[in-house]
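Heads up, there are several structures right after this.
Each of the next two complexes has chain A plus one more chain, namely chain B in the first and chain C in the second.
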Partner chain A sequence: MSLFSIEVKKTFRRWRTYIGFVVVAGAVILLEVIIKLNEARMAQNFSHGMSGDFLISGSMLNAWVITAFIMNSLYIHVPFLVALVAGDMVSSEATSGTLRFILIRPPSRSKIFTAKFFAMLFYTALLILFMGTLCIGIGLAFFGGGDLIRFQTSMPHIVILPAHDAAMSTVLAFIAAILSMSVVGSLAFLFSTLVDNSIGPIIGSIAVVIISFVIGSLPFEFLESLRPYLFTTYMGIWQLLLNSPVDWGEVGKYALALLGYDAVFFAIACFVFVRKDIKS
Partner chain B sequence: MSEAILRTAGLSKRFGSRWAVKDLNLEVNAGDVFGFLGPNGAGKSTTIRMILTLLLPTSGSVRIFGKDAREERRSVLSRVCGIVEKPDFYLYLSAYKNLEVLGSLTRKVKREEILEALEIVGLIARADDKVKTFSHGMKQRLGIAQAILTKPDLVILDEPTSGLDPQGMKEVRELVLKLSKEHGTTIFLSSHLLTEVEAVANRMAVLNHGELIAQGPVSDLLGGDSSYYSILVSPQEGALELLKKNPWVEVVSVGNGIEVRIESRRAAELNKLLVTGGLDVSSFAAKRSLEDYFLKVTEGASEV
Partner chain C sequence: MNLLSILFGLLFLVSPPAQNEGLKYLDNAIAKFKGIKGYVVDVKVHLDLEAVKAPDMEAKVYFKEPDKVKIDSKGLFFMPREVGVINPRKFNPDKYVIQVLDTLTYEGEPAVRLSLTPKKDESGNHDIVLTIDEKDWLIREIGTAPSPGRTASAKITYGEFDGFMMPVKVDVKLDIGKVNTQGREFEGRRMQMNQMKGTVEVYYSNYKINTGLSDKIFEKREEQ
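Let's look at the complex of A and B:
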């Protein structure tokens, strides 16, 4: 058994790991059922703002539109679900005492740490892909396909992706969302190596995410200079992939920034972990 | 002379301003059952953590199998295993799965090896039960199973009988002796119980307040000097009269029994003296508490 598979096995043997999947499934199913039950009214509200400029026939609601809408929860509860597992990966072993049992074995601390980190990334990826599969699957079953029409605050205010591009763009958006959420996971993982309890890293990382979002969205000039340094600035990478045309230069810039944060958080955490005295 | 497979040189650890272990020089030979004795808080676990690379020493070094334990960690730890303090496991996994996970960190372990380890510690019937259903004693035994699973050359056991009932303690002692005799495993066993060390170890070191106060063969450290014995004898008055006539016997106290201090080698002689004197001896037991022993070794030489 490789170190990675051991860590994945341990992660998925814990009920805590499945909280995220249950919450995501509950939220997606609930939202899609509510939208389905109120489809006519919601379609009317949705198209209301465009009726002056566009001739609309049939319902604008389809799997891609609803999936793009639900993806906004990537800013709300998904970071918490990622932190719930990532923030617990090292600290829970320190608390339970199992850390000292694995660290007296031959593999180096850096290898054990890296295996844990990749197990965390694996969980994050699986959670986002699960969310994507559920959103698209239920969306297609309830509403069918069609053009992806969405509103955004920046220009152009209305984005229309033809049906044949919408599927690929949505899949790419979910893949980008994995990268986006991996930074939250890396941050929680870093905090998890610093303390011997699980609550601190989870709350701490979510607090940092919220504060960064707040700083990034407050309309004050003196905060402008901070925005390029906030990882939350780049967490909307998935939205860039739902534009038409896609600005790939911008996507690349966001992806590099997110990978950079992943690397920095990993490096700091690994540095701490390799040198720390195991007293628990 | 046996080869030293574990050697610490000037090993020290300081937490803040407090020295948990200071200038420790230990030497464990191949095939030893080495007792590492000291009261709670003496620094035994800190020493074990440094040996197993969990703690970075403030100064000094640990060499195992002739190699620096930190610099050649992988090769050293592939031949060492143990329990550090209480045995903690993944409570949500079964005993079997715990051993599989922990063992595979050292090398690929076969199903038969896992079952054999569980068999040795008497947990084979509970192999598939989750560890959260285990008692402390069962976890302690599972801890020993994970320590011997990969058949290491050196097994380090930190207070392995802690929290066990007398039967459990006896089983662990028998297991330690079996590992040593049948498998040739070198055992490093820490304990705060003198009787435990005496029962299984051939060599021992005594630690107090983080400092080594004695090290050497158990027979030399415990057997050479005078010791305390507790005697239940009837009639007591007759016994006291007889003892007074023998100046090599020092009567320390008289209560329900008589406590005497004599040279250890004369214990049988004293017993015989009482019996041939027409007295009924119902108990003649060496009284060796760790406290008594500390008093003795700190009175005398610091190292054998």
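Let's look at the complex of A and C:
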């Protein structure tokens, strides 16, 4: 059995790994049921600004629109759910004392560490794909398919993607969201190698995410120069894929930045872990 | 009799014929549409608005006199409310003060421009300017200003279907200024859309006129 599959099994043997799936399922189902119960009013609100000037036909609320709406939670509770597991990957074993026994085995520290890191990425990917499948599945069952209407802050303000493009864009957006969340996971994973308890890395990484978001969104000129260096600036990569036309240059730039942060966090964490004096 | 009385007298004598003259033109345009009890038409809309990016949209539009409209579309479909469904009957002469603005030559034919001012200041009522050609009595252009800062004008091209002259293309120029952002709270963001201007081309084909549309078709109106 490969080191990776051992680490994945270990991850999924912990009960806290399933908290993320339960919370995501609960949030998605609750939101979709609430939207379904208020469908008529929400559809009216949705078209409110345009119905005075246009005759409108076709449903504005459909699986793709609802999914795009729920995806905003990628900024809210999903980072916490990722950090909850990623921040526990190394530190929990240090706390329980199993880390020392693992490191006695033949595989090198860096190999074991890399396997843990990829297990964390696997969990992150699985959580996002689970969220995507649930959003789209329940959305299609409740609201059906249709064109995706998006309201953007930049021009053009209103974008309508035909149903077939909407499906593809949504799937791509979820794949991009995995990359986005992997940075939160990598950061929590890095913190997890620094300490011997799980609470610190989880709270620490979420604190960094929140502070970074706040700095990135405050309308002060002197903070403008900091924005390119904040990883949260690039976490909205999934939103770029729901735009039309998709600015692939910008998507590439965001993806490279996120991969860069993943690589830097991994390298620092690996450096620390390989040199760490593990006493228990 | 002083000069002021003479002027008032002249004004009194002149005003009703101006209204009557305008009414005559409008009545002729409405009469042109009179034989149409209902129709079904395939509509294709091409939006070229600065603030909107949308693919061409297609729908089947059902119309039944006096003003029933139903739109059937597979996907989302937007059509300018004021000028998307041409129905001269909605310019009810009882509701407007009609004045002849000027006479002109429209594509080589004599035409007249009418100003329609609502008699009552009700919501949804606003000034309309119609260009009617005097040869075929067809409304060639419609200009509206639904509210301050909002304008829409349409140029209508006609074709003959079952003996009726029906629109085959409507070129709409829109400048509807700022769009109310209240509805966008759903997406958790507020934004100003202040460049909602551009053109909309509406194409009509496959008219089926006076086929006897049932009222049931219009029971669940998809129009919002």
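The working rule: the second predicted complex is superposed on the first by the 276 of 280 C-alpha atoms of A that agree within 3 Å, B and C clash if a C-alpha of one lies under 4 Å from a C-alpha of the other, contacts with A are read in each partner's own complex, and residues count from 1 in each chain.
Everything that follows uses one rule, which is that a residue touches a chain if its C-beta (ideal position, glycine included) is under 8 Å from a C-beta of that chain, and two chains touch if they have at least 3 such contacts.
Fair warning: this is a prediction, and the values are worked out from it, not measured in the lab.
Chain B and chain C, once both complexes are superposed via chain A, fit side by side. After overlaying the two complexes on the shared chain, residue contacts for A:Tyr229 are found with neither chain B nor chain C. Of the two partner chains placed around the shared chain by superposition, neither chain B nor chain C is touched by A:Trp248. By the touch criterion defined above, A:Leu3 reaches chain B but does not reach chain C. With both structures placed on the common chain, the touch criterion links A:Phe271 to neither chain B nor chain C.
Once the two complexes are laid on top of each other via chain A, the angle at chain A between chain B and chain C, using C-alpha centres, comes to 170°, given in steps of 10. In the superposition on chain A, A:Phe151 makes contact with chain C only, while chain B stays out of contact range. By the touch criterion defined above, A:Tyr18 lies against neither chain B nor chain C after alignment on the C-alpha atoms of chain A. Put simply, more of the residues of chain A are touched by C, taking chain B and chain C as the two choices. Minimum Cα separation between chain B and chain C in the superposed model: 42 Å. Interface residues of chain C, counted against chain A in their complex, comprise 49-55, 59, 69, 71-82, 84-85, 146, 150, 152, 174, 176, 179-189, 191, 193, 195-196, 222-224. In the complex of the two chains, the chain B residues touching chain A come out as 49, 52-56, 73-75, 77-78, 80-82, 84-93, 97, 100-102, 104-106, 108, 146. Of all residues in chain A, only 42-60, 69, 72, 146-147, 149-153, 155-160, 162-163, 244-245 touch chain C in the complex they form. The part of chain A that touches chain B in the complex is made up of residues 1, 3, 6, 9-10, 13-15, 96-98, 100-108, 275, 277-279.
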